[in-house]
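The two complexes that follow have chain A in common; it is paired with chain B in the first and with chain C in the second.
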Partner chain A sequence: MKKQTAKRLAAVIFSIFTAVISVTAQDGLGIGRIFSKYGHMKGCKMVEMNNTNLHGHSLRVYKSLTYKHIGSNIETILKEDRRKARKIREVVDNGVITSGYYMMPALDDGTNRYILFSKSAYGSGAVIYIEGRLSPDDIMQICYAKKRK
Partner chain B sequence: MNKDRKYIENLIEKYLDGDTSNNEEKLLRRYFTNSGNDIPDEWKALRALFGYETVQRKNALRNTRTGAIRIYIRYAAVASAVILIAIPIMMHRNGTSGNYAVIDGKVCTDSRIVTSEAEKALMMVAIGEDETFEALGQIQ
Partner chain C sequence: MKIKTFFSLIVMALAATNVAAEANDTTLIVNNRKIVIAMDSAETKVSVYDTLDNKLTKAYESTFVDGQQVERIYVGSPFIPKKGNRKFKATLPTFFIGMNGLTEGFANNSHSNLQTRNNSSWEVGITPIVLTGTLTKDGRFGITGGVQWSLAYNHMQNGYIMKANNVEHFAEYPTKKNYMRYQSVRVPLIVDFQTGKKNIFYTGLGISVEWRENLSHKYKYNVDDGFMTVRNTQRVNHWGMNLEYHIGYDCLQLYARAALTPLYKLNDGTKAYPFAVGLGITL
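Take a look at the complex of A and B:
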């Protein structure tokens, strides 16, 4: 009886803890694994901003990773998200995808999710995850606004 | 009174034969609890027996209730502890003050550095207008 009680207690603790801790939208995507696996690595820079404003656009989540030498690993994981994307925009240079963004399926509350990426030489590059009520046009504004400057 | 006694006597015989129903046993217990000393001497031993049974039943019920309350208290304590741990974690993940940068494995919360690094990453992924319409430009 005591063993059964202990088992039930353990199950209750585990389920409450798991339910509370594991709910973040990008964790269901490959890019979530990119941040958790490489975010604290030497040679990488990770940024996380919540409920922020970027270039006049309100973002619920902004998360970015710039990296060196691990481009092939990042690419493998990003391919998983590409398969799930609702909209894909890519720049292909000499047969190689060099940059672009994926619009991922929206969350239940209508919040849109985007993955932006860019690959440079020698396995370096950047990936960005954005969550917010932005349209694809808004994402383009953010991207274009920077490059023009 | 004699009728009652006769009835009780029959019930006692049934009880000793193991043939009484739950209600009949309840009746016997009630009788012996309420009768005081007004019972035949040969039944006094039985009164002691039914009295013992009644006390044991009460103790068992009390223990069951106490045990159930203890389990609920334990569950509540565990759930409270989990919630107390989880709330700060949730606030850290979702709160407005959760901006930070990790540079070469070191965490930095300086807002200027965080914003600067965010802008640099955005600069890297920005798609130039030139790249988008480069193909059009090559058509001559």
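Take a look at the complex of A and C:
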């Protein structure tokens, strides 16, 4: 009985700990400000998942924001993260950067951090923040691999 | 064998040095692809060019600077027109239903001499054949044409009938089911503007030519032993021309049509111009 309680307590402490880490991990980044500033704005949709699974890859944090009409504001903030990125991959369509990802410096425990973005017409688009043990190839697979029917 | 390998390595190294020294960059051609490696004190840049329509187009670029790697994939060029622009969609409704009235002139609401009851007159029709043509490259402007068939019912005021192109008053007998009916085969040609990708919004203005057939006036009037049905054939203009306008979103549209030429002429000189306002649905 005591063992079970100890296990539960450990699980609760672990989940709180990971949640705190996930919140603080993006705080130093511009994307953290994007989520806090525009996450609850009209015309924006924010999704947040912790310790989840995406296309077979386990993610510690998945946070996304779809927006309308505020593309220029988002772009300005994302430029800050671009400067700090270790690896940048961008898709240029007709001379305009339309989508891509920034691989940010990893956390102390080796967890990778990615910022994914996609821009559409009329200042709309989406930004995603991912934290996990994924490699850049995994990100490419998630973003561009054909969906299985 | 060893001497041969040694010499070939020296020749390759010299050749590579020559290429790099001449253009300040290293250029490789592999499978019709040009790979350019540019290096300076600050950054190293690798660019891959594809041959597209006999033009070299940058397909990929990778830059290494201050420990940061920037990769860029080029999927289009601003100098090469994009293929597969939006497709212009046909805008004529598959089915349509609306009010079809008669007035005494184009853009004239008067119908006192015609004694018509426009708010009870209606039409229904289909468009079995639709053709489209794009006018602009972006697919926003285009022409929609087709063939429409419609059936129109023009009701007359109670107590009034039309006989040999004369409006007569039946003072002593009440009338019932008092209407003129005709079929039309119409060929509209409309210039449309469209916007939107998934669900398009469109508006268009044009003209149509129509052929009217089987125009008859049918009415019932009260006689001592019940109602008697009478059917009269009138003199009409079989050929007609209309001004067409429609506005729509996705599969629904509102349309308006006004005749530029009269449907018939009464013996007193009054002309009857049909007009229609209705709702269409495109499948």
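The rule is simple: the second predicted complex is superposed on the first by the 122 of 149 C-alpha atoms of A that agree within 3 Å, B and C clash if a C-alpha of one lies under 4 Å from a C-alpha of the other, contacts with A are read in each partner's own complex, and residues count from 1 in each chain.
Everything below uses one rule, namely that a contact is a pair of C-beta atoms (placed from the backbone, for glycine too) under 8 Å apart; a residue touches a chain by one contact, two chains touch by 3 or more.
Remember, predicted model here, so these are calculated numbers, not experimental data.
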| item | value |
| --- | --- |
| Which of chain B and chain C A:95 touches, first, second, both or neither | second |
| In the superposition, chain B vs chain C on chain A residues touched | B |
| First (chain B), second (chain C), both or neither touched by A:87 | second |
| Contacts of A:50 with chain B and chain C, given as first, second, both or neither | first |
| Those residues of chain A which chain B touches in one complex and chain C touches in the other | 89, 91 |
| Of all residues in chain A, those that touch chain B in their complex | 5, 9, 12-13, 16-17, 20-21, 24, 39-52, 54, 62, 64-66, 89, 91, 99-101, 116-118, 120, 125-128, 140, 142-148 |
| Chain A residues touching chain C - in the complex, by the definition given at the top | 85-95, 97 |
| Of chain C, residues touching chain A in the complex | 67-78, 82 |
| Contact footprint of chain A on chain B as seen in their complex | 71, 74-75, 78-79, 82-83, 85-86, 89-90, 93-96, 98-105, 114, 117-129, 131-132 |
